[in-house]
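Below are structures written as C-alpha cells.
One chain, chain A, appears in both complexes that follow, with chain B as partner in the first and chain C in the second.
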Partner chain A sequence: MSNLALKELLYKMADDLLVFGHRNSEWTGFGPLLEEDIAFSSMAQDKIGQSQALYQLLHQLGEQEPDTVAFTRNANQFHNCTLVELPNREYDFSLVRHFLFDTADALRWQMLMQCSYTPLAQLAAKVRGELRYHTLHANTWIKQLGSATEESIGRLQQSLNELAPYALGMFERSPYEDQLMADKIFEGEKALEARWQQAIEKTLAQTQLTLPDWKIQTPHVGGRVGQHTEHLQPLLDEMSEVFRIDPGAEW
Partner chain B sequence: MLDSGKSIGPLNAELLSWLEEVKDPEIPVLSLVDMGVITQAEVDGSVARVEMTPTFVGCPALEIMKQEVEQVITRHGFTPEVTVSFREPWSSDKMTEKGKAALKKFGLAPPPASAQVFHDLEILESATCPRCNGTNTELKNPFGPTLCRAIYYCHTCHEAFEQFKPV
Partner chain C sequence: MYGGGNTFEGIKTDSVAQEDPAKLAEFEARIARGEKIEPTDWMPQLYRKQLIRMIEQHAHSEIIGALPEGTWITRAPGFRRKMALMAKVQDEVGHAQLLYSAAETLGKSREKMIEDLLSGKSKYSNIFNYPTFTWADCCFISWLVDAGAIVNQLANAKGSYGPYCRALDRICAEESFHLKYGHHCVIYLASGTAKQRQMFQDAINRWWAPMMHFFGPSDKISAHTEVLMRWKVKMATNDDMRNQFLDMYVPKIWELGFTIPDPNLKKNAETGKWAYTEPDWEEFKRVINGDGPCNKERLEVRRVAEERGKWVREALKSPKTAYVTPLA
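Showing the complex of A and B:
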C-alpha cells in the first residue's frame, strides 16, 4: 500500500472539511432564522471534528501534529477544492454549496466504508451516521425553497449555475487514482462523480430547478494541488490567528 | 451483568462500576457506561485500560470525560491508560435500556433504533413526546443545542422538546 496515495486522499478530505467547517461557522449569529444559525453552527462543529480525526490519521502516518497541520500551512499547501473556500455571500448561495458539497462528501465516506485501510474505514462508519443529518438538512431546504416562490427558485437557480464548475472541481483527479483503486483504498473520483450526479439529479427532480448541463461546464480545478482563489489565504489567516500568537494555547 | 451492548473488547465489571460515576457533562443523568461509549475496560496488574469512542466525532465533551475517567481510575489506586478509538464506532443503539429510561425522565426523548433511520430518514419527522408520550409531533430542527440533540414540537402539549438523535 502506498502511503503517498493514501495521504493525498486524507489531506484533501481533511482540508475540505476544515475550510468548509470554517465557512459554516461564519453563519453563527447571521443565519436568516435562529434555527439555521444553529444548524450551520452544528454542522461546522461536526466538520471541524471530522477534519481533526483525519489529521490525526495523518499524524499516525508520520505527518505533524493535527494543530500544526491545520494552522501553520499557507494556502498553496492546502488541498481543498475551491468550492469550499468561496465566501458565503447570500443564504441561497451557501445553501446550494452545502447541498452540492455534502451530497458528495456523504457519498465519499460511504464508499470509504469498504476502504482497505482499516482506521479510515472505521472512521467512515462513524461519520456516515452524522452526515445523514447534513444531507437531510440540505435536501429539505433545497426541496422546500426550490419549489416555493419565483424569487426563491430564481435565486437558487442562479447560485446553482454559478457554482456548477466549482462543484465539478471537487472531483479533480489525483495522480494516484489507479493506485488507490488497485490498493482498494478508494474507488476513485470518477466513480464518485458519477454517483454524485445521480444523487443531485434525483433531488433536483423534486423541485422546479433545472439541472446544469455538466458536459458544457469547465471544472474549476487546481485546488487539490494548492492553486486557490484569492479567498483562501484570508480565511486561513483568520482561522490561525489565535494559534500563531500562542501555539501552545489550550483549545 | 452490565448491559453495555456488544463490545469487542473485554469489559471488566468492577472497572465499569467505577466508571458509572462519570456522567456526560451535557446530560448529567447519563453515565458513560449507559451511554455506551466505553468499548473496552480491562485491568492488567496495576494498570486499568479503558477505550472510549465519541458519540459524535466533534464532541467537545470527550476530552473532559476522558480526564474524569483517568481521575476515577487513579482514585481507585490504578494507573489509567485511556485511549480514544473508532475501532468500535458509537451508535445510539449502544445506549443501555437504563440509559434510555434516564434520558426520558430527564425530559429528553430517547433515540429510536438507528437501523430504521438508515433506511428511512422520514422516521425522523416525528418522535414520541417525553412528557405526554404523544406522537402528534413534528421535527423542527435536526440540529439542537448540542450535536446529539434534535428539536421537536409536540402538538398535544404545545411545547417543544428535544430528542437524543439516532445515529
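Showing the complex of A and C:
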C-alpha cells in the first residue's frame, strides 16, 4: 500500500472538513432563525471534529501534529476543493453549498466503510451517525425552501446555478485514483460523482428547482493541488491569528 | 449569560391595588409556600409584565452575548479551544431559544421581542456593549462573566415562575461547563509566556469596571423591588450578588498572580462583605441607554441578520399555520 496515495486522500478530506466547518461556524449569531444558528454550529463542530480525526490519522502516518498541520500551513498547501472556501454570503448560498457538499461527503464516507485501511474504515463507521443529520438537515431545507415562495425558489435556483461548477470541482481526479482503487482504499472520484448526481437529482425532483445540466459545466478544479480562490488565504490568516502570536505557546 | 440588576427601574405598583384581593392573597400564599406559578394560573398583571421584561432581557442577553465571543470562534488557537468555544457559544444561542419560549408562555411572541430589541425598547446585559480586543478578553468572558451569570441565575432558578425556573436549571448546568472551560483557558494564559500573562492582565484591567456593573446599580440607588422579591421574581439584591461574586472569584484571580484595578478592593473579615470603589453608575446608565462602545454594532448585526433572514422565515409560513403559545 502506498502512503502517498492514502495521505493525499486523507489530506483532501481533512482540509475540506476543516475549511467547511470554519465557514459553517461563521453562521453562529447570524442565522435567519436561532434554530439555524444552532444547526450550523452543530454541523461545524462535527466537521471540525472529523477533520481533527483525519489529521490524527495523518499524524500516525508520520505527518506533524493536527494543530500544526491545521494552523500553520498556507493556502497553497491546502487540498480542499474551492467549493468549501467560498464566503458564506446569504443563507441560500450557504444552504445550497451545504446540500451539494454534504450529499457528496456522506457518500464518500459511506464508500470508505469498505476501505482496506482499517483506521479509516473505523472512522467512517464512527462518523456515520453524525452525517445522517447533516444530510437530513440539508434535504429538509432544500425541499422546504425549494418549493415555497417565488423568492425562495428563485434564490435557491440562482445559488445552485452559480455553485454547480464549484461542486463538480469536489471530484477533481487525483493522480492516485488507480492506485487507491487497486489497493481497495477508495473506489475513486468518478464513482462518487455518479452516485452524487443521482442523489442530488432525487432530492431536487421533489422541489421546483431545475437541475443544472452537468454536461455543459466546466468544473472549477485546482483546489486539490493547492490552487485556490482569493478567499482561502484570508480565512487561514484569521484562523491562525492567535495561534501565530506564539506557535510555541500552549493556549 | 445574564447579570440582571437593570431590569426593575421605575416599577409602578398602582396596578396591584386593582387586582382581585382574594385571588391576590391566594397567589401570594402559593408563592410563600414555595409553589411554582404556571402559565395558565392566575397572576397579577404586574407579575406578568415584570417577568416578561426580565426573561426577555435575559434572552436578548444570550443572543447579543454570543457576538463578542462568537467573533473568536474563527480565531480560537488550536482544535481543542475551537471545538469548545463553538459548543459554548452554541449553548448561549440555545439558551436564548429556551428563554424566548419561556417568555412566550406569558403571551409575548418571539417576533415581538426581537422587534423590541432592535428598536431599543427592551434592553440586554450591559457588559456585551464592550469590545473583545484579544483572545484574553474572550477568555475573561468565558470564565468571569459566565461566573457572574451563574451567581445571578442560580438565585433566579429558585424563583416562582415554573417555565423560567426550569429553563434556568438547564441553563445553569451548561453554564457550569462554560465556567470550567473559561477557567481552563485562563490557567493556560496564567502559566504561559510573559506575553500570554500580560494579555490576561490587560483583559482584567479592561473588563473590571463592566464586571462590577454587571450586577446592576448599588442597592442604595436602585429602584424599590420589595414586591418583586416577595413574589420571588427577583431573588437577591444587586449588592448581595456582587458580593457573592467577589467572594468566590477575587481570591481565584489573585491566586493566579493577577492584579485587580481597584486599590480599595478588600474583604472585611468581620462582616464578610467586600469593600470596593463605587462603580461609575453614570457610565452604566450611559451605556445601557445606547452610548456604549459597541451598542450600535451589536444591534446592527442583529438587525442585518433579521433582515437577511426574513425571506427564509416567510418561506416557512404556510397559510394554514396560526400562532401557538409554546407549552411550558
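As a working rule, the second predicted complex is superposed on the first by the 246 of 251 C-alpha atoms of A that agree within 3 Å, B and C clash if a C-alpha of one lies under 4 Å from a C-alpha of the other, contacts with A are read in each partner's own complex, and residues count from 1 in each chain.
To be clear about the criterion, a residue touches a chain if its C-beta (ideal position, glycine included) is under 8 Å from a C-beta of that chain, and two chains touch if they have at least 3 such contacts.
Nothing here was measured: the structure is a model prediction, and the numbers come from that model.
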*asked:* On the A-aligned overlay, A:Glu90 touches which partner chain: chain B = first, chain C = second, or both, or neither?
replied: second
*asked:* As a test of reading the superposition: which chain, chain B or chain C, is in touch with more residues of chain A?
replied: C
*Determine, under the contact definition given at the top, whether A:Gly169 touches first (chain B), second (chain C), both, or neither.*
neither
_Touching partner for A:Leu136 - first (chain B), second (chain C), both, neither_ = first
*Touching A:Ser25, do we find chain B (first), chain C (second), both, or neither?*
second
*Once the structures are superposed on A, label A:Gln52 by its partner contacts, choosing first (chain B), second (chain C), both or neither.*
both
*Could you say whether A:Ser42 touches chain B, chain C, both of them, or neither, answering first, second, both or neither?*
both
*Can A:Gln122 be said to touch chain B (first), chain C (second), both, or neither?*
first
*Using the superposition on A, tell me which residues of chain A are in contact with chain B and, in the other complex, with chain C.*
35, 38, 41-42, 45, 48-49, 52
*Residues of chain B defined as touching chain A within the complex*: 53, 56-60, 86-87, 89-91, 114, 117-118, 121, 124, 140-145, 147, 150-151, 165, 167
*Residues on chain A engaged by chain B in the complex (per definition of touch)*: 35, 38-39, 41-43, 45-50, 52-53, 119, 122-123, 125-127, 129-130, 132-133, 136-137
*Given the complex with chain C, which residues does chain A contribute to the contact?*
22, 25-26, 28-38, 41-42, 44-45, 48-49, 52, 66-67, 70-71, 90-91, 144-145, 148-149, 151-152, 155, 235, 238-239, 241-243, 245-246, 249-251
*Which bits of chain C are touching chain A when the two form their complex?*
63, 66-67, 70, 72-79, 81-83, 86-87, 89-90, 93-94, 96-97, 100, 135, 185, 188-189, 192-193, 195-196, 301, 304-305, 308-316
